[in-house]
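This is the structure, below, for whatever I ask next.
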Amino acid sequence: MDSTAARKPRRGSSKRAAGTKATKAARPDEPELVQLLTPEGERVEHPDYSIDLTSEELRGLYRDMVLTRRFDAEATTLQRQGELGLWASLLGQEAAQIGSGRATRDDDYVFPTYREHGVAWCRGVDPTNLLGMFRGVNNGGWDPNENNFHLYTIVIGSQALHATGYAMGVAKDGADSAVIAYFGDGASSQGDVAEAFTFSAVYNAPVVFFCQNNQWAISEPTDRQTRVPLYQRAQGYGFPGVRVDGNDVLAVLAVTKAALDRARTGQGPTLVEAFTYRMGAHTTSDDPTRYRRDEERELWEAKDPILRLRTLMEREGHADEAFFTALEEESDALAKRVRDVVRSMPDPDHMAIFENIYADGHALVDEERAQFAAYQASFAEESH
Amino acid sequence: MSVEKLSIAKAINASLRTALENDPKVLIMGEDVGKLGGVFRVTDGLQKDFGEERVIDTPLAESGIVGTAIGLALRGYRPVVEIQFDGFVFPAYDQIVTQLAKMHARSLGKVKLPVVIRIPYGGAIGAVEHHSESPEALFAHVAGLKVISPSNASDAYWMLQQAIQSDDPVIYFEPKRRYHDKSEVDTEAIPGPLHTARVARAGTDLTLAAYGPMVKTCLEAAAAAAEEGKSLEVLDLRSMSPIDFDSIQASVERTRRLVVVHEAPVFYGSGAEIAARITERCFYHLEAPVLRVGGYHAPYPPSRLEDEYLPGLDRVLDAVDRALAY
Amino acid sequence: MDSTAARKPRRGSSKRAAGTKATKAARPDEPELVQLLTPEGERVEHPDYSIDLTSEELRGLYRDMVLTRRFDAEATTLQRQGELGLWASLLGQEAAQIGSGRATRDDDYVFPTYREHGVAWCRGVDPTNLLGMFRGVNNGGWDPNENNFHLYTIVIGSQALHATGYAMGVAKDGADSAVIAYFGDGASSQGDVAEAFTFSAVYNAPVVFFCQNNQWAISEPTDRQTRVPLYQRAQGYGFPGVRVDGNDVLAVLAVTKAALDRARTGQGPTLVEAFTYRMGAHTTSDDPTRYRRDEERELWEAKDPILRLRTLMEREGHADEAFFTALEEESDALAKRVRDVVRSMPDPDHMAIFENIYADGHALVDEERAQFAAYQASFAEESH
Amino acid sequence: MSVEKLSIAKAINASLRTALENDPKVLIMGEDVGKLGGVFRVTDGLQKDFGEERVIDTPLAESGIVGTAIGLALRGYRPVVEIQFDGFVFPAYDQIVTQLAKMHARSLGKVKLPVVIRIPYGGAIGAVEHHSESPEALFAHVAGLKVISPSNASDAYWMLQQAIQSDDPVIYFEPKRRYHDKSEVDTEAIPGPLHTARVARAGTDLTLAAYGPMVKTCLEAAAAAAEEGKSLEVLDLRSMSPIDFDSIQASVERTRRLVVVHEAPVFYGSGAEIAARITERCFYHLEAPVLRVGGYHAPYPPSRLEDEYLPGLDRVLDAVDRALAY
């Protein structure tokens, strides 16, 4: 997985002539968005953002997206089989997550919401660790500091403030790391997100706000949250906002890198709105047929993030058949591993209820733990 | 026919429908309450029948929902607000505590805020974090609010009717794990007063006091105890603010023993208030201290542990045994 | 007090030629702001906002500002004398408050924060009613519905949401009233204000957000809240923002009227930033010498809102000496009345603690009321 | 000299200064804490001496303050946050309850959040609405938080030192009406454990349990009672979560009577928890029910009524008499 390995850049043959304005409006009434790879798999240029990736790097991004999608599908299956209580699928958002995730450096810090499985993948979090909370064995199954990837945050918008505070700390430390906070279109309405904008602007904190506008907050379309494009929110707080084609992994990578670079170089926060689509249900508990039409989904299927990269790669010869075959095998292996790990994931010990509530202990917890243990033991005794 | 067997969820839906029909000022507001009909389908069909002006999908911002509901109430509306899950009420806590609860007093009675806040609460549904909490004490402590929770479909229907008709702000906690429990609802009955307890099962040896989802658990415990020859009275409190202390006192004066059961953590929970006040009122009647069964002083655990965390039959009976052992 | 009485408009002689751009930057680094009356008392034109007032109307505005200032000064004195526990002076903000207050119609609804004594005046709230909460005899001493003027709100930002909800109700009713919410520069940071922006935009609510940027939130200058001018906040939410010279009563009147008209005619919310200055302390408990320099105050003294209108009126002959003399007498009378009323304001009955907590009663309140009464009675008995 | 007579406000200031000196990771954050030194001057001079990077004037947004403090703690800082007045903590309630309290457990102990939230609380200062409240029960009910309140300058100094050193989030309630009360502080003492109660006055007939501002009131009551020949023990609880039940129990086993006093409303207040648990622990020792003296179930009243609303000497003694009458 060395998609960022240095290699002499090669020029793609299908790029449009430089200078051609290659931003595209998502809908007739929507503003332009940064795009470097069209839904048809055509490389296009953008006056402000450019990218030049090696074949290996392109293969890396492709592999990330394919494996993430496969992992996600497997998790959905596991939920249907009763192995998970719930799953929040990222289907359709692979480019937004892989493009932005791959834009981060190891020393950057990432604050996800609850759907950032692709970002977790980029950060090196073992995907099976993501499943604990959805299975109900923990509320967060990885060490945030191991990969600078914070725990999933369910209370919408909260993490935007944590990211801002963390970034304030980075600045205090004089480090040139950056911080990235993920949230959704729905989350944009929460006061906490607005306060994060205010704090980050006032303290010029090195943070990127990465909003995946997947058009829906459960059953509510984006027009229930805003009447203008979300990226424009930033300017009123004094920092730039940019809308990127969230299904274009190249554009997302380029735009996020630029935003992280701004942060690193003391230029403060940026809001990136990745314009994408939630192809599946909100979660496995949701039934989107109640509130949206199939046609919309079909429209977005034509903009699939993986397909368009594959078209480019095939046309430009960035990968051969062997690569795709091997990747398929790798996907199967990943799915199998995920399945096996989840199925054998033990339930936590009952006493875990009383663990980690406090770092320095609490008399009442000690008392209740002891009572609980005695109570449990009484059953054991009875059954003797 | 005015008597129907309904689930609690359907009873709430019917009650909202009745309210929307009877009073053009009633509004439903919340996240996903419209087309989706709420994540529990409690508001199913209401937007279709009453339109987007009366059943309002709101932006994803709980403070905004409650804050604008206050404004709508000031304009003469009677908003019924849905908070999607217990754990998501906290962004609205400031509006509820500093504004909704206090505006009537602040205005010396000039301003009334007939706002109902519906909150599906409690655990045992196998959910992820923030979806299984019981924060009722955090509202009951605050003057200006009324806090209630039904345990059955009939109460779900009628208590909601009464809450909507009340000129006070009411927090209406819905026992989400019981949403599908069915019982008879007479939509033409004349309901008793809202804030009174109900004897759900008569008994002589000990009183179990509960509300919302724990009433059923207590009834099961009483049935189990009956097989062992113990006669437990079960009180369905229905209201956590005010609490019907008179009814509890009357029961305890007969049974001389009281166990309070709730899902919420025991520490600073409603059981503490009941224990303290009933001990004061019944000091010479009590044969045993008031015992409390509830959640531990711990965050609600991951769902694979919730059966151990939540008060179940066994833990209730254990407390009963301990109380009877005095 | 008929400053809005209809009369044939008369043209002032000192207006600059139409078309001359008459916006002025408040500081070199600040953007332009709408101005119709310069600090020197010169009438100037603005391409987007115009106003034509009769002499009587000008006298009305002048009288409002003078009486408000006098009332405010009297309240400050009363606090020093121990008659009030606290006072939040509006000194310096008279134009922002009278201009906007006089822009409202009777059927409009006003949500103040805690410093809108001038707006209250315009709404017809008896000024002595404002003093109850500062004296400590009540938490709000008027009926909000009598003058469509809500109670003062101390928890910063909360009322922005109430105003938005109220405006949503106005729209539901099909009324053509508008709503105006007052808040400060500090308040702009609160999540509630941002959520009010979101809700008002999404529902196109007929509300005007009137932000008095008096440069300070207690000890914090505006750069602790934002790094761009506050009026710009609005555009990111999809509605217009405008900065007006908050010490220019004519410009404030014109800009607020226009914003209220937008609301009335279904064009949704507007943010008006009135650029002004808190000439006094935050409240009588505050000591601004700890955090700001006298020079700043002096700079703003030169922009006094009352003086500049008087200069205009005198130069253009809108009022004679008799008017000013009579007004002085009226001021003295008002001050005396305020003093007398406050000094004889009775303490509330002790039992008021238990009143109005609920509209429909609460068993515990009844119980505690009875216990309290018995307890109080026991002292009475003892002293027999 | 390490022993000095300081006011509570000055002791807190000294404690913050010590913390800033000893640990470069300690930060002070809040509204007006910088140049102004806070509205109570508790942070006076700190920004001048430690700079704007360590003593931070924040935007006017409490959720933002606590939320960014959490982020700073994740980065290794130890933020000490000031909430300007009790009534303004509620916008931050969501961050405190759903994030600050739960992140250590959520992360299975991987993440520690050493954040202290200082809240001047309580009444009797003649203030306007929202400036005189006692919301401690709303925090103590929540697992993951620790809640403390000093009653004197020495505790103010040392308990804050210990709170800042703790790896847990601590809500530190400052008895604002006692800010100017002076007593001796030994800044080189070795403090006892943070969450233990202290016998503020020994006695034999009845125990008065209190914390924060009410300790002084109870001591005055005990002095007055002594003149009538009644020997009251006064316990300064110091900590509302955890509560040092062992010490209360030990005292009550001797005195056999307990009255709990706090400014907060009695209904669902800390007195309820203490009454319930002590009654359970001391059922056979108690000669009278545990009585509670506190605020009424009413919004904090306008200041001209606060003397009637707040528990004062007379109301404490009245409860003492009632308890002794059993």
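Letters are used for the chains, namely A, B, C and D, taken in the order the chains are written, and counting of residues starts over at 1 for each.
One rule holds for everything that comes next: contacts are C-beta pairs under 8 Å (C-beta built on N, C-alpha and C of every residue); 3 or more make two chains touch, one makes a residue touch a chain.
These figures come from a predicted structure and were not determined experimentally.
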item: Which of A-B and B-C has more C-beta pairs touching across its chains; value: B-C
item: Distance-maximising chain from chain D - centres being C-alpha averages; value: A
item: Between chain A and chain B, centroid-to-centroid distance (C-alpha), Å; value: 37
item: Chain A and chain C: spacing of chain centres that average the CA atoms, whole Å; value: 46
item: Whole-Å gap separating chain B and chain C, where each centre is the average of the chain's CA atoms; value: 42
item: Inter-chain centre distance, chain B versus chain D - centres from mean C-alpha coordinates, in Å; value: 31
item: Residue list for chain B, restricted to those that touch at least two other chains; value: 58-59, 61, 63-64, 87, 90-91, 94, 98, 102, 105-106, 129-130, 143-144, 241, 267, 296-299
item: Numbers and ranges of chain C residues touching at least 2 other chains; value: 138-139, 155, 189-192, 195, 198, 202, 224-225, 357, 362, 364-365
item: Residues of chain C defined as touching chain A within the complex; value: 188-192, 194-195, 198, 201-202, 204, 223-228, 232-238, 241
item: Sites on chain B touched by chain D in the complex; value: 87, 90-91, 93-94, 97-98, 101-102, 105-106, 129-130, 137-138, 140-141, 143-144, 241, 265, 267-273, 275-277, 279-280, 283, 288-292, 296-299, 326
item: Chain A residues within the chain B interface of the complex; value: 85-86, 132-139, 154-156, 186-187, 189-192, 217-220, 224-225, 285-286, 290-291, 347-348, 350, 352-354, 357, 362, 364-365, 368, 372, 375, 379
item: Residues on chain B engaged by chain C in the complex (per definition of touch); value: 53, 58-59, 61, 63-64, 66-77, 91, 94-95, 98-99, 102-112, 143-144, 146, 166-168, 195, 241-246
item: Chain C - residues contacting chain B, complex; value: 109, 138-141, 143-145, 150-151, 153, 155, 158, 160-170, 172-173, 191-192, 195-196, 198-199, 202, 355-360, 362-365
